[in-house]
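Residue numbering begins at 1 within each chain, and the chains themselves are lettered A, B and C in the order written.
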């Protein structure tokens, strides 16, 4: 149980207004659609379609919302407390991380195998059965269990790498010889992972072939994703689950790549682009694009083609 | 070598009729198209196109089939034995599991790291290098090697979890802050895996963000699959390899999801639906649907559109 | 620093001609587009669009190219050295592997758990925390860390298996029983991996159900790939990242399967075929095909349909 006063103190810079009396109120958890109870702190997503109705019918005593919700008689009579903030989604995230999420202690598990030449920053957490080469890991980073990080890797500060992920393995590059057999092309480059990056579980990030595989500041990568050799990803990108980025691609900043998208090798995705789930990218994507399909094209063209096909069907 | 008598005794409730003399006959293994030998027990799949021909030309002495196959002179002269059952596919599965599959002994490997507060049922098998939090694991369950199960997970009875799989990790949820950077949305929910579930290798099942990720009774999940936070899957579903189910999806009972299908976040897939391999689902799917494509639509519409395009090509 | 003389001696059978004086020259590394320096050995890819310009503007003193590049005054005045070979891509691969790639020593890590009945060839490397059943592993093979190889597996010589990969697990096969629940179909076959195969990280190769899963000589398989039960893959294939090959498929020789392609169960892919990234294969593919799309069709048809749709749009 957390005192609401303490929560209010923590988010005070974000509060526009508080309605209702919160003295002595305690909070047990955070509400979502399936997880409700009067002692849970509820919150109205900024994109919610009927924010006022959502707030009024909430089972929670305390509700965080933006200024689309006003404190009316119904809420007053129910003894509810309304906390108005600019972005309730961000505020509830801050509250959850501060008061309800477990913090991992910076422990290096005795079964982790760490190269004697590894450079490990302060307050780093390394999980059981992880294998750490003579790499660099910045401060406050968390390496979960069963992770493999090779010699050629340099990881920044505040990086999270989840279990089962393998960083810096030699990539997939072959040359056909005269007998028609595949010979390995050397995979001797490195990997740089900048600060504040998060990498999911069972991800593969291969080292550069001759140069560098680079994940930019603040980029978040979900589970089961592949980042091939020489790929360069910019800042603050979202790379969703099961995405495959083939060799030597160049991804800009603030790019959103949806689940299961695939990007062919050597392509450039411009900054601020949005790639829909399941898209197969076989051409460069200019900045600020919104692409979808196989092969991916602009969403507008994609929709028009689909409508044209439906019309064609009706004509017959 | 297994005595055919013992096999017959084991499946006696399924037998409609036996033709030919089986005294003293022994069985060495189970036949398939590439694995044949007179001592192998052969079986005719209920969907086989020419069941009688398959049975007559089988290299095996003993054949299990349904009533589409009759015991004719050719089989008699060859000294074959025909065992008629209602569903030969199910019968052969029962025989294989009983007589030919190795049974894993309920051993907890000494290298498994198990939280002192974990509640482990009877006859549970936990493989080497697995890491088990203070979770609950029901009786007769098998956790293979290199598996990670977090504190927030509750696993039922008779569950199989294969190697390299990670259950209960925090999911992929972020909120953009005012600097345009991604802040973590709290991932503090749990995971419930009901009885008789099977989960493949290198799978990721994330804990709920604020509530529960739930895998229903008897559902089978193949390798390299992602079940994101808050996903709810019903009973007796088949989730094939490399499927990605994004956050907060609601999958009914008896749903079949083909290999490499992707389901966008927040969608509902009605019970008894069939989703073809590689489909990308971006809208809710009603119960009893048969969908395919990108974006997925009814199979009937998908086929009509394809035919219309072929016609269009011919006109020019 | 490597003496250029030594490199020249090593590749002497491949050299057509050397221009410029190479006495005393030393090489520090291999160049690529992002990794340049006069002491790096540069090379012009046989498919380079302006090979002569690339060679003349290279920052490197020493350049390997084919006969499309000639040694002109500009190169001469810059004191450059041009080494002409038939296939610069292959030559640079040979040089990289010989002089710049680290060679792994054949060590069996003490934390690897190896069955007493395993048959391990000479000069085999087995990484930390790997689990090796009573299988066969041929000479000079490398098994990286956290790999699982089951009893039923036979691995040839010079095979590389990367971290997190699981070979020989029971596959995904079920039969519905009369209660509408899934019962396991026995998964009791084996796996054969022939010589010179390379298998990426976090890959799953399941054992045959009743017979064999087979990976042919010299085939290369990238990360996060699934090879289901009974699949047979021929020689010298390239299976790119995130490919899913469902049960009992039959893949010929020299097949190229692009990233994230999915192949439905029981299909045959003829030798020398090329399957584009993201393709979903639902019919057999004849030898020497070039297929793409969902469902995959010939590239020529795929392109014509796309053009027809664009025309249709313009008409309206």
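Here is the rule we go by: a residue touches a chain if its C-beta (ideal position, glycine included) is under 8 Å from a C-beta of that chain, and two chains touch if they have at least 3 such contacts.
This is a predicted model, so every value here is computed, not measured.
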Query: What is the Cα-based rotation angle between copies chain A and chain B, on a 0 to 180° scale and rounded to a multiple of 5?
result: 120
- prompt: Interface overlap for chain A and chain C, more than half of numbers shared or less than half: same or different?
  reply: different
- prompt: If you average the CA atoms of chain A and of chain C, how far apart do the two points sit, in angstrom?
  reply: 29
Message: Which positions in chain C are in touch with at least two other chains?
response: 129, 146, 164, 202, 224, 242, 260, 294, 309, 312
Statement: Listed in rising order, chain A residues that touch chain B in their complex are 29-35, 87, 89-90, 92-94, 96-97, 100-102, 111, 127-129, 144-146, 162-164, 196, 198, 200-202, 218, 220, 222-224, 236, 238, 240-242, 254, 258-260, 277-278, 293-294, 309, 312-313, 316
- line: chain B partner, complex, touching residues on chain C are 113, 129, 131, 146, 148, 164, 166, 169, 172, 174-177, 180-189, 202, 204, 206, 208-212, 224, 226, 228, 230, 242, 244, 246, 260, 262, 264, 280, 282, 294, 304-305, 308-309, 312
